[in-house]
Every structure is written in structure tokens, then in C-alpha cells.
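Structures follow.
Next come two complexes built around chain A: one with chain B, the other with chain C.
Moving on to the complex of A and B:
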């Protein structure tokens, strides 16, 4: 009996891995199959959105809701753009530098913000996000409201020239996979358990010796860093950034991805939500002006009628902090669909 | 030498004195009952000892260390665990994971090792999982380990709360009404569990309204009324204490 169970589990493990493998291969093949640069551009923006959505979920896993998700995104973008423009350093140095700057600023800001929870934290993150936008907008050295332009492309590296969309596609795909790997490691380790404990009952968690501030701050910094990396990438991909890109609306969108995908699925949720939010408006030919209205209404409808998000509707119930948990759900759902 | 010394402890809530100049000792390995009518300040005293609120005045010394200014999690690190009046559990988690989380303080390996699932970290985690099962066995809840806590019956939730507190390996355990809402047989079971916990070398302070259980269980009893300590002593003596009877039943007229 026990032998049987282990065997079944091994089998599950293998098909789980193969499902992840297939997904990665498909993602790698996309630029070979799809010729339209615009579609590749959409994929790139979708991956950026997926990573940003995952950072919201990271904070949410500790029970904190951030309405300033675009702030570290902005810090990474501006740090990287200003470093390359003012000091003429290569993108490949600016990227890690911007990441470190984002991390250090997040540590400092989190030191103040993470002493608060609940509504106070929500308001503080929102205000902070707006302060960042005002800062880069008002200060001419940061480009003002006109933003920063002619941000250089990444230098050629290992014979890869950054022209066209494809190199950017692989770069952001690489970043995405790394972030998924690291976040998954967090969620499956004791840190995931600690964050969940803080979310479910801060009181009880504290009575078990868990330092609420320390772990909230950890989640805050771990959430900020990938956003900083993506910010740096975005600055050199779009090659022009304006403060408005990082405003309150951007933060709301970041929050919308995981809500739409399903908040109970820490990795698949933001992925599903971000992909839907990137592609669906495009194919419905919704114009930029109308989009926020539809997005806002969509958010309201989801929260009211489908609090579990898309994945909650598909899988009916349950939750999955880890990637493998989500993959398992997908696998059993696929099997059920195919067999019946 | 007392395990916990409380000296002149006072707590004012904007004009209301919830605990007034209370001094008492908790000895090693003892089961101390803390009783008193509703609003006597028992839970406030628990919150003061476990660091959830700060005293207005007075000192709390645990193991010869002054606990002044320490946060709740720092006090937990020093070996004081508590349960809460309302069943406080990680309701959306399984019982196993609740107790697993309780072992937070037992990790010795560096955090990054846990992140990368190194051999050392995995071994440590396996050891802790064993201890989880050990506690659940000890408290008789092993069969329910995979249930979500929210689905457990009330009596089991109370017991589960004690399991989680035990996971911190306390020297002093504060139990806030562990038998509330239990039927007589469950109460009896809880009584025997508390005795078994004491046999492991844990001192226990218990707040409870079930007088029969308290009289049965406790080595000593402290009685609070309106924040003041009005009696302290053996169960028999406390039971016959005039002031205590008055506090519970009211003064006899004439």
C-alpha cells in the first residue's frame, strides 16, 4: 500500500515536471513560431506584468496589501536610466546597480512602512507611490514630467545584439523564470509558512516568537527587488520613460493581475491574470482611453462575484502557494477534462 | 527561586485600573490557578506577562531577567507561551501546519539554507516534523492532523491551541480558559493533559471558570477581584476564604 502511494506520488512528480518542461519549451519556441513583432511585444509586456503581479502577491502572502506596487518598478527604471544616461555605464552594470538601489531603498522605506499593518499600510504605500511619481515629475534632474528619453539599448553581449524584439523577449523570459524559481523557494520554505501565519493571525504568530516587523520587512524587500529589475529592463526596452507610467493607475493594474487570476494561487494567479489583462484588451481592440473604465469595472465585478479569480472558478476550490501545487491542480484539471 | 516574579504590577486603561498593584510568584513545575469574577483582570494579567500590553507600573521578572519593554515575540523566545481566550488558530491551515508553524523558534539553520533546501535544512525540517507528530500524539490529536482547524469541533480547537503553544517549548505556559465550552468528559481529558504537560517540566498558569476543574488541578490558587489580589493559597483555603466567597456571591446582608 505504502509502496503504491510512493509510486503514485513519483508518477505525479514526473508528470508535474514534464508539464513545467512543456511550458518552458513552448515559451522558448514562441519567437520562432510567431512572426509579428507586435505580438512578441505583447508577450514581453505580459511577462513584465506577470513579475509585477507576483510582487503584489508576495506582499499579500504576509497579509499586507500594497497600493504602491509601481513604486519599486519606478525606482528600478529611473535608477537604471539615470545611471546609463549620466554616467554612460552599460545596461549590464546598470541592471544590477538599479536592483541594489531598489533593494536598499525598499529596506529604508519598509523600515518605516512595515511597522504598520492593515489600512494604515495600504494608505502609506499608496501615498508613497504617489510621492515617487511627484518626485521624478517635479525634479528636472530626474527628467521632469517630460520623462527621460534616448535611454540606450543594452550593449551587445555574447554576440547577442539587442535589435528587434526577440533578444528582449528571451531576457525577460529568463528574468521571469528566475523570479518564479526564487519566489517558489520562498513559498515552499519555512518563510512561506511564517508569512502565511502572520497573514492568518498576527496575534498568534507573535505568541510563537515570530517577529512580525522583521518578516513583513523581508516580504517587502523580496517583493520590491524583482520590481526593480523589471523596471530597469523596461526602461531600456521602451527606451523612454515618463512619470505617468508609474502612477496610481499602474499600481492598481499590478494589484488587478493577481486578483483576476486568483489570489489563492501565489504564482499561477498573477501569471494568468497578467496574460489575460495584456492580450484580451488588444484583441477586443479596446482603445487606451476606454481601457481604464473597463479594467475598473472588471475589477469590481471580479471582487463581488468571483473572489477566487479565474483559477478559483476553474479549479472550484483550494489554494496553492507553491508552483508545484498550482501545477498539480492544473494537471488534475486537464486529466479530468480529457477523460470526461 | 521563583520562575516568574510579579511585583507591584499595575495597568491603567485611561482611568480604569484593570490590574492594581499585584504581586505574586509562579514557582517552577507548579500549576497555578488564576480565578476571579468577570472583569477581575485575569486576561489583562496574561497580556501583561506575555508582552501584548505594557504595564503602567511594576516589574515582571522571568528566570531572573526583567521583561520590561520586551515585545510579545521576544517574550515567547524566552520561554513563555500562551493560549488565547477565543480559539485562536491559523484557521485556514491544517492542524499539522499549525503546530509546524509553532516550531518557529526551533530552527537553528540559516535562512538561506532553508531557501535552497540544503541537506542540512531538510534534515532539520524532517526532525521538526517528527516533533510535530510527537506533540499531536501526546495530546491525542494525531488522527486529525490533516484537518483544517476551522473544521475541528470546538473542544479539539482548544486542545489544538495548547499543542501550538507547546511547540514553542515553553518553560511557562499560560492557559486562558482552556476548558470553556467543553463537556464534562472533555474537561476531564483536558485536566489530565495539563497534568501530563506539567510532568514534562512546564509550569502552568491557568485561568478558568470551571471551579471543580480548578480545585482539582491546581497546586495553588490566586484570586483577583477588580484588579486586586484578594487571596492566595491552597485550593481548600481559598475555597473557604471569606473575601473570595463575597467576591463571587456578593456580601451577605445584615
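Moving on to the complex of A and C:
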């Protein structure tokens, strides 16, 4: 989408902007049109998945692959749930508190992890994901394997009562739009360009005076914080959380979304992937038994035949994962920096 | 004293098991740069192969073990040719390393899900046990030791010795090491990287199958034995240091002993303690115990 926004600007295409406007209006109108609470629930879960997928892409834009995407999600959920249960504070205070806690923990964990890259980073993020699950499972103060139950609903705010699905829908939609705005600003800024330069070639970036560790750490924290927010939201939406929700499979699903949608599209990719992964198995009535086979085969087929993902196929840039746009732009930026 | 000896034997048996799996993943990782998440499933299929060969055809323990290793090696070869080779060919030119790593890792995750669920649908969820091949206890002085665990240690040691001879004393082993060092330069010496990638993948998967075969007569053969062990195996891999065989040995045995003593003295917290030790080690030695820090 970043690519498209810039492209749209180059071509003077206002249509892209109006398209985004229409999409937002449609999303706002959905609860008026759709009556079934279950469909609204699916939308809410899809939005949660979209945000989690975008956090993966944020980290991936610096060339780091995380297999522990569910860890900050779990930290946010548990922090928020424990704060409201133990200290009886309101959800509206617990949400920012949980976000800050996730950010601080991500800073600490990232301080250890971001010294690694490549396969070691993949494995370490996975290990940390498991550490979080084991910690909340083994320690009784965190709820144990049975999890935490009867987490309070968000308090009534500005006459909006959190009963039914609709208020939750608007809350998560609001969070989603804010995250998209902030991430878009990150991707189009110097920060985003530096991350892409690191992905293109860590050594070259380093030779230009880019501190790899610092920027990787920043990307790590920036990726963790929205996951913490969604975690807090999820805890108070589902109102019961168990450690297994945040296990290894959850992390694997999170990275499925951007791969399915298309890795070249930083915001639209995870969105498309997450929506497909949420709705298609529901409406095809695929049972739980066959679902992993279909997901697994789908993943294999996409990677082997369409590495550009769904969007890559649609926009015809699926040719061997065309990196033409982003990478070439970054390359010319690097060359410009080298030559003066 | 007896408890202590038993704990050490249990820990060593567990450690050797991890070692076989980690060595397999390491060989694959170093040669082909694929992080193989489906390795746990190969291990499980190895156990099933052993079970069927042993109980249906009535072959002896050693023959069944060899059959399990060969079958999983063949499966690995097919998987490499069918899936990973296509991906690597497509990714060969000028792709950032992170893309190649992600793509092959994701493909192996897809493979993991498919193999796992296909096994669930094929074999059903009932547990299978093989009447224990080695039920006796070995008594040395006053200490009683379970013979089955000692068998795991002995057979694993034999396999590791065989692997060492293969990697360091034969021409093909030399070629495998050359390819893992630098595939392009190796190809200048007339070594075909593709062929050696196939061999490495088959050897790695065969090792997992052998590990499954060794476990089958001692523990019961279940469907989730693969998913359980793969995460611990990755942990061992980073603890010892990626791309260091000596590190893998140290990491595996250390983890096995820690788990064995941990379960005895602090229960379920033992696993958490292992995680924390790994994190502390990695904070001070980012490359693991013997590995080099990668950038």
C-alpha cells in the first residue's frame, strides 16, 4: 500500500485516495448492514489478525523474521487482564498500561534478541514465544494452564455500553485505522527506508553508518506495541484467556497472513491474507480436522508457485517475488548516499 | 546414589535423542540454508515406520531401525526435490537472504502442518506401543539402570560414530562439507550442489527417522511426539551454537541432563528453567556456547 500510495501520487491518481475513503466508509457501515453477531465476531477476529499480521511485516521490513508474533499479543492480554482483575482498574487505564508494559518488555527482550539475525533470530523469537506461554502456564499467579476467566468488560464510556458485538467492532476498527496510519507514516519515513536498506544488505547499510542493532531494536519495539494493544483488546473481548491461545501455532498463523497476502505490500498484504484466512475456512465449512492440511498445502502452493502472494498475482508482479518497486528505490537511495 | 545414576542415564538418553535430531537439522541447515520445521514430523513418521516394519514384517530391531532410517531418508529426498528445490531455484539470483530464509522456512511450516494432519487422518489417534524390546534392568553393583535407556545411548553413539565417519572420512562427506561452506566455490571443483543438497537433506531426515525408530520401542508411538520435540530441538540448536557440531553435542547433552534433573527436583518448572538458562547463555554469548554470532 505504501508503494501504491507513492505510485498513486506519482501518477496523480486521486482514485487511490478515494478508494481508501470508500473502504473506510464501508467498514464503518458494516454493523448497520450485517445483522448476524457471528459475522461481526468474524470481522473483529479478522481485524485482530490484520494488526498482528502487520506487526510481522513491520519486523520483516527490516529483514528479521519473527516466529514469536504471539508473544507480545500474550503479554498485552495478560498484563491487561491481570491489572483489571487484581487492581480493579478500568479497561481504559489498563489498555495504555498494558501497551506500555508490552513496550518495555519488548525493549528488554529485543535487547537480547536483536543482536542476532537470520536463522538464529527466527529460532530465538520462537523460543521466547514458548517462554511466555510456559511462564503464564506454570506460574499460578498468572492463572496457570487453566487461564484467566471473568475478565471484566470495558466500562461504559461516553454513553457507549460494551454489550453486544458492535462497540467492540468500532473499537478494534479505530485501533486498526490508527495502526495503519502510524505504520504508513513509519514506512514512508526515513526510518522505513533505513529498515529496507538493512533488509537489502545489512553490510552495505552498516558501511553507511547505520547502526544495525539500534534500528532492528526500534523495529522490534514498534512491531510489538500494536500487538500489545490488540492483546489487551482481545482479553477484554473474549473475557477469558488460556495460555494455549498464544502458543506456537498462533505465531505460525500470524506469519501466514502476510505471506498469503503478499510480502511486497506492507499494509494491504497482511490485511488481505488475514481476511482470507478468517472468512474462507468459515464459509467453506472446512472442519477442524482437514483445515491444517488445506492451510498447509495452500501455503506450500503459494510459496512454490506464487511467491508474490495473492496481491502479487492480482497486480501481476508475482514474477519471482518482484521486488522491483521497493528494493530498486532503496538501492538508488543507497547509491545516492554513497556517491555523496 | 541410585537415583543420581538413573537421572544421569535418563538425561543422557534424552540428550542423545535431541542430538540425533539436532544434527539432522544442522546438516540440512548448513548445506541448504533451510530451517526445517517439518523435522519433528519426519521423526514421528520414523517411529511409525519402525512400528509397522517391526510388528508387521517381524524384522529384528536393528533391521527395522535401518528400514526406518532409509524410508525417512527417501521421504526427505522426495520432499527436497518436490518442494524445496523448486523454491531454491526460484530464489537463486540476487534475492536478499531474509526472503530465501523466510520462504523455505514457511514452506517447511506448510509441510509440517500437512504431514502432521495427514498422519492424524491416516493413523487415527490411538496410541501404539511395541512390547518392550529391552524390558530388563541392568544391575551394576547396587545400582539398577533401565536397559532401554542405555540402549538409546549406545545406539545413538553408534549412529553418531557412523555419521562422523561419513562426514569426515568419505569423499561424499567431504563434498557435503564443502557445499555447506560455499556452494558456488564447491561447484567450481566439479561438485554438483543440487546433488549434494539432496544427499544432505536425505541424511538429515534419515537421522530424524533413526531417532524415531530408537524411541519407538521405549516410549509409546504417538502422533504428537513430533511437535513436542521440535521446539526443544530448536532450543538445543541455538544453545549449542548454530552450525557447530561440537556445540550441538554439548547443547544436547546439557539440555537432556537439565531436563532430567529439573523434572525430578522442581517439576514442571524445569522446562522453564532450561529456557531461562538458554536466554542467559545467549545474552552473554550471542552465538550460543560454541557458535559464532551471526550478523
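Everything that follows uses one rule, which is that the second predicted complex is superposed on the first by the 302 of 340 C-alpha atoms of A that agree within 3 Å, B and C clash if a C-alpha of one lies under 4 Å from a C-alpha of the other, contacts with A are read in each partner's own complex, and residues count from 1 in each chain.
Just so we're on the same page, a contact is a pair of C-beta atoms (placed from the backbone, for glycine too) under 8 Å apart; a residue touches a chain by one contact, two chains touch by 3 or more.
In this text the structure is predicted, and so the values were computed from the model without any measurement.
By the document's definition of touching, both partners, chain B and chain C, reach A:201. When both complexes are overlaid on chain A, the residue A:185 reaches chain B alone and has no touch with chain C.
Using the contact criterion defined above for the overlaid structures, shared-chain residue A:117 touches chain C, although it does not reach chain B. Using the contact criterion defined above for the overlaid structures, shared-chain residue A:212 touches chain B and also reaches chain C. Judged by the touch definition given at the top, the superposed model places A:41 against neither chain B nor chain C. Contact with chain C, but none with chain B, is seen for A:248 once the two complexes are overlaid on the shared chain.
Which of chain B and chain C touches more residues of chain A is settled by the count: it is C. Contact with chain B, but none with chain C, is seen for A:193 once the two complexes are overlaid on the shared chain.
Note: residues 200-201, 203, 212 of chain A belong to the chain B contact set and to the chain C contact set alike, using the contact criterion stated above. Across the interface of their complex, chain B is touched by residues 182, 185-186, 188-191, 193-194, 196-197, 200-201, 203-212 of chain A. Within the complex, the chain B residues that touch chain A are 50, 52, 71-74, 76-77, 81-82, 84, 88-93, 97, 100-102, 104-105, 107, 111, 114-117, 121, 125, 164-165, 167-168. Per the touch definition, chain A reaches chain C in the complex via residues 60, 63-65, 67, 112, 115-120, 122-124, 126-128, 130-131, 134-135, 138, 199-203, 212, 248, 252, 255-256, 259, 263, 289-293, 295-300, 303-304, 307, 320-321, 323, 327.
If you check the complex, the residues on chain C that touch chain A are 29, 33, 35, 83, 86-87, 90-91, 95-99, 101-103, 105-107, 109-118, 120-121, 227, 231, 234-235, 237-238, 242, 268-269, 271-272, 275-276, 278-279, 282-283, 286-288, 293-295.
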